[in-house]
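One chain, chain A, links the two complexes that follow: it is found with chain B in the first and with chain C in the second.
What follows is the complex of A and B.
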C-alpha cells in the first residue's frame, strides 16, 4: 500500500468484478450481484459492508448522545467511614490534579474524556467525507481510521478499572465502591464507538479513486 | 450505491425509497435513555434553599449533606458570606421528596459531635464531618430561606409531649438537655434557657414527654434537683440526690404539692411555673397570706441572715426579710430593725384538727395583742453553735415587762426580749458591778486592825503558858510521885500473896464451911422436925 498514492491507477476488485472472501480471503467472482457466497468456505461475502455508512453513523449518533450522560453522571460511588461521595470522570480528574498527580490526571483526562470525544469526531469526519465521496486526504483518512481502530481496543480501560474497584473494594461498612450510572453510559459509548469504527468500511475511503482518475 | 460502471446498463431498477434501517433504533434508544436521564434528573431536582447561620463551622460546599431522620435529602451547594457580613448563607439543593418539609417554621441546625452531661450525640459526624439537619415545622406556608439554629433543638416536633415554662432565680447548673425528673424517673428535658426580659431571673423551657406530661398539674412544684443535698438533722445525716447525671449536669424535679389531694387536670401546654431552688422550698405549703412585722433587738445581729427562720415554739412561721439601720431622735440613737414576714397559714396547716379558724385581720391583731400581753416576745437564739447562725424565736415570757403592739405603725413592732446568752451576760455584769461597789479599802483597814489585836492575844497567851510551865509543873510532878507511892502501897496490899489476902481467904473458907453445916442442919431439920424436941435420933445403921 505505501506506493498506492503514487500509482496513477488503482485497480479495485469491485471494478473488475472480483471480491475477497471475508473469512478465508479467497478471491471470488462477484458477478453482477451485490453479495456472493464464497466458493471456498461458503460465507456470504459482500464487496463492501452493506449500508456501512448508515450503520456507522447510527452507532456514532448513539455514542455522541450517550457521551453527555457518561461525563455528567457519576461513574463511581464511594462510601467509606469518612465520606460518602459520587465521582464523575471529570471530578476524578480534578481530584487527581488537586492532589498533585498531574501525570495521572492527564492520563485519565486523555484516555477517558479526550479520546472518546476525538474518536467520535474522527469517525464522524470519516463518515461525512466518505458519504460525500470526497477524494481529499485519502491517505490521511486511512491513517486516521487505522489509528481509531488501534485505540479502540484500549478504550475500555476506565470501565475495567472501575469494575476492578467495585469487585475488590467491598469491605462492608468500612468502604464500598459501587458503579454509577455514568459507568454504564461510558461503557456504552465505548462499545458504540467500537461498533461505529467496525461498521465503517475503510474501503469506502478509496472508492471513486478510479472514477476521479478516469 | 450501485453505480453504473464500464458502460453497462444496470438491470435492476430502484423500486422505491426503503424504510430507514433498523440500526437507527440504536441512536433512538440512546436518545431515549439520555432524555429519560435528563427528565429523571429534572424531576429529582428539588428546591434550592438558603439557610443563614452565624458561622459555617465545618460545612463544606458540595460535601455537607442535608439530612432528615438520618436520610440524605440534599446537598450544600455553596457557602457565601451574607451581605451584612454577620453570618453565612448556605445554599443547598434539596431533593424533590424533601420539598414538603420546607414549612416556614422548619428548623435547620448543624449537627456536630456533642457531649453534654448524660448524652453523647452526633458521634458519627466526628469522621464524616457535620451535616445540616432539618426539623420540619407545622406551618402551612412554605419557604425557601431560613435562619438556622445555633444549637440543636433537644426535642423534635414529632415527639409527643408538652412544653412548659419555669421561672427561677437563677440557672443553677442547668444546661440544654438537662433531665426533668418525676419521682426520679426521667420524663423530659430542658429545651430552652433564657434570661427574663427584665433580667430579674431566668426563664427555663422544659419539655415533658407524652405519657408523663399529664402529671404536670396546676399544683405541681418544680425545683432544682442538682447536686447533692446533705442535711444533718435530729434524724442523722441525710444525703439526697436525684441521679448521678443530675449531680454532674443538673436537673429539675417536680412533684405535686400534696400527694393526698385529688389529682388535678393536666396543666395546659405552655403553663408557667416557679422554679424553686430546693425541694424543701418547693414543697412548702403555699404562703398565700403574709404579715410583716418589725422587731428591734437590744443586741448584735451578727449571725442573723436574711431568710433566717422565725420559729414559734419549733414551728417555722416566717422568715427574716431585711436587716436595717434606723436613726431615732435626730441620729442620737441607732436602732436596727429586723423586718420579718410571718405566714399565719403555716400555723393553721400544722394544727392537728385542721380546723384552725379562718380569721379576719382585726381578729388576728387582737389575738396577737392578747398573746403579747401574755408574754409573747421575739428573741434571738443560736440555731447552730458551730456557725453561730441565729434565728428568731417567738416564745412566752410570763415574767417579761409589759409591752403592747402599736398597730398604727406600719409594719407593727413586736416586742422583743434579750436572748438567754444576753441575760447571762447581763447577770454577770450585775454581779461584777456589785463586787465593784464593795468598800474594799475600808475592809482591808479593819482587817489589819483585827489582825494586830489577834497578834496581841497570842502574845499574852504565850506568857501565860510560860508561867504555868515555871510554877505549876514542879508541884504537879511532886503530886504525881506521891500518888504513885500510894498506888504502889495499895498494890502491895491487894497482891495475891499478901498476908491480908491469905487471911481473908481462910476466913472466907471457914465461913463457907459454916454455911454448909448450917445447910445440913436445915436439911435435917426439914426431914426430922421432931428432932428439935426429941433430939437427934440414932443412926439405924
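What follows is the complex of A and C.
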C-alpha cells in the first residue's frame, strides 16, 4: 500500500471554496458561502453536514437506551400444544446452537447482539473524538466509520427471521408464533444506529489536519 | 479559489466525500479502483460493465423483483396442515399481530426500496442510452442513493434462511420460487451498484 504523501500540497475542499455533493458526487463551487445548490442535482450541499455531531449523538443516545429492552424483552412468543414460550434474541441463539446449527448461531449472535453493541460504542467513540477535535488515530477512525457504515444493516437479520416465523407458524392450537415487544425495540435500535451513522460526517475526523499542514 | 483548481474540469479531479481532500483523477482500467490517498475511501472504480449490460441487468432485476413479490417464499407443513407465505403476506403478518411499525420497516427495506432502486436504474440507464443530453438526472440520482441505502434484499434472504433452519427441525419446508428469485436478484443488484456510481452517471451526462 502506498504511504500517504507528506507533501505540503494537501488541499482540502473547504479551504479552497469547493465541496462535493453527497448525492451525485459533483464538485460544487462553494465560494465564501455556507451552502450551495449542487449544479447538477440541485440539492443543498454543505461543506460539512450541519449539526452532524448533535444529530448523530441524539440518534445514538436513543439507540443505546432501547438496546436494553431489545435484549431483555422477548422478541417472540411461541404457543403450542405442549409449551408456551417467550424467546429473547439470546435464547434464540442458544436454541440454534443446541440444535446443532453452529454457523447460524454464530451468525445471529454476531449480527444481532455483538454488532449493535459494538456499533453503538464505535459511533460513540467517533462522535466523542470528533467533538474533542482529537488528532489521534485519524486513519483508524476513518476505517472504523466505513466498517460501521457497511456492517450496520446486517443487524436487521433477526427482524426478517422473526417475520418469517410469525408468518408461517400460524397453526391455530397446534402452534402459533407472535412477535414480542422486544422485536419492535430491536428494529428501532437498528434503524436509529443506521440514522446515527448516516448523520455523522466522516470529514469531521480529518478537520484540523489542514491547520497542521499550513 | 486558486487558479490552478479553476482550470480543472469536473472529470479531472475528485473531492473525497469522506475527508474533503482534493485529489486528481485519472481514467481507470476495468480492474482498477482509486482510493483517497489520505483516508483510503474509494473514489472511483473501473467497471467491466457497459451501459447496455447494466440496462439488461436492470430489466432482468425488475422481472425477478416481480417474481419475488408474486410467488410464495416458503411452504411449510406440520402434521398435514400446510401454510405458505409471500413476501408481502409475511410483512402483513407483523401488521396483523399489532406491529405496524415493523410491517412498515419490512415493506420499506425488502419491497419498496429494492423496487425503487431497480425502477430508477432502468430510468437513468434508459435515458443515458436512448435520450442523451436531455437535462438533468439530479432528483433520480438522489433517490437512487437513498433507495440503495435502505434496500436490504441480501439481509432479508439470510434472515429467511435463519427462519428456515429454525423450522426445519419441526416441520417440512419447501422453498418457493420467490426465495430463488430474491437469491438471483442479489448478483444483479451488486452489478447495478457497481455500474451506477453517481459520479460515472453525472459525468456521462455532462459529456
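Methods note: the second predicted complex is superposed on the first by the 192 of 214 C-alpha atoms of A that agree within 3 Å, B and C clash if a C-alpha of one lies under 4 Å from a C-alpha of the other, contacts with A are read in each partner's own complex, and residues count from 1 in each chain.
We take it that a contact is a pair of C-beta atoms (placed from the backbone, for glycine too) under 8 Å apart; a residue touches a chain by one contact, two chains touch by 3 or more.
This is a predicted model, so every value here is computed, not measured.
Undergrad: Return fit or clash for chain B versus chain C, each positioned on chain A through the superposition.
TA: fit
Undergrad: Once the structures are superposed on A, label A:85 by its partner contacts, choosing first (chain B), second (chain C), both or neither.
TA: first
Undergrad: Go through the superposed model and pick first if A:54 touches only chain B, second if only chain C, both, or neither.
TA: After superposition on chain A, A:54 lies in contact with chain B alone.
Undergrad: Counting residues of chain A in contact, which comes out ahead: chain B or chain C?
TA: C
Undergrad: Just chain B (first), just chain C (second), both, or neither: which does A:106 touch?
TA: Touch partners of A:106: none, neither chain B nor chain C.
Undergrad: Examine A:198 and indicate which partner it touches, taking first as chain B and second as chain C; both and neither are also allowed.
TA: Second partner only.
Undergrad: Answer with first, second, both or neither: which of chain B and chain C does A:171 touch in the superposed model?
TA: second
Undergrad: In the overlaid three-chain picture, which partner chain does A:97 touch, first (chain B) or second (chain C), both, or neither?
TA: The answer is neither, since A:97 touches no partner chain.
Undergrad: Touching A:68 in the superposition: chain B (first), chain C (second), both, neither?
TA: Only chain B; A:68 stays clear of chain C.
Undergrad: First (chain B), second (chain C), both or neither: which does A:118 touch?
TA: In the superposition, A:118 touches no partner, neither chain B nor chain C.
Undergrad: Would you give the minimum C-alpha distance from chain B to chain C, in Å, for the three-chain superposition?
TA: For chain B and chain C in the superposition, the minimum C-alpha gap reads 12 Å.
Undergrad: Which residues would you name on chain A as touching chain B in one complex and chain C in the other?
TA: After superposing on chain A, chain A residues 188 contact both chain B and chain C.
Undergrad: Chain A touches which residues of chain C in the complex?
TA: Checking each residue of chain C against chain A gives 1-2, 5, 10, 13-22, 37-41, 73-74, 76, 78-79, 81, 83-85, 89-91, 93-94, 97, 99, 101-102, 105-106, 109-110, 136-139, 141-142, 145, 149, 152, 155-156, 158-167, 169-170, 197-199, 201-202, 205-206.
Undergrad: Which stretch or stretches of chain A touch chain B in the complex?
TA: Chain A residues touching chain B: 15, 32, 34, 51, 54-55, 58-59, 61-63, 65-66, 68-69, 73, 81-85, 181, 185, 188, 192.
Undergrad: In the complex formed with chain A, which residues of chain B make contact?
TA: Its residues touching chain A are 2, 5-6, 11, 20-21, 23-24, 26-27, 29-31, 33-34, 37, 63, 65, 127-129.
Undergrad: If we count contacts the way the header does, which residues on chain A are in touch with chain C in the complex?
TA: It comes out as residues 2, 4-5, 10-14, 16-20, 22-27, 29, 31, 38, 40-43, 47, 92, 95-96, 99, 101, 104, 107-108, 138-139, 142-143, 145-146, 153-154, 156-171, 174-175, 178-179, 183-184, 187-188, 191, 198, 202-203, 205-206, 209.
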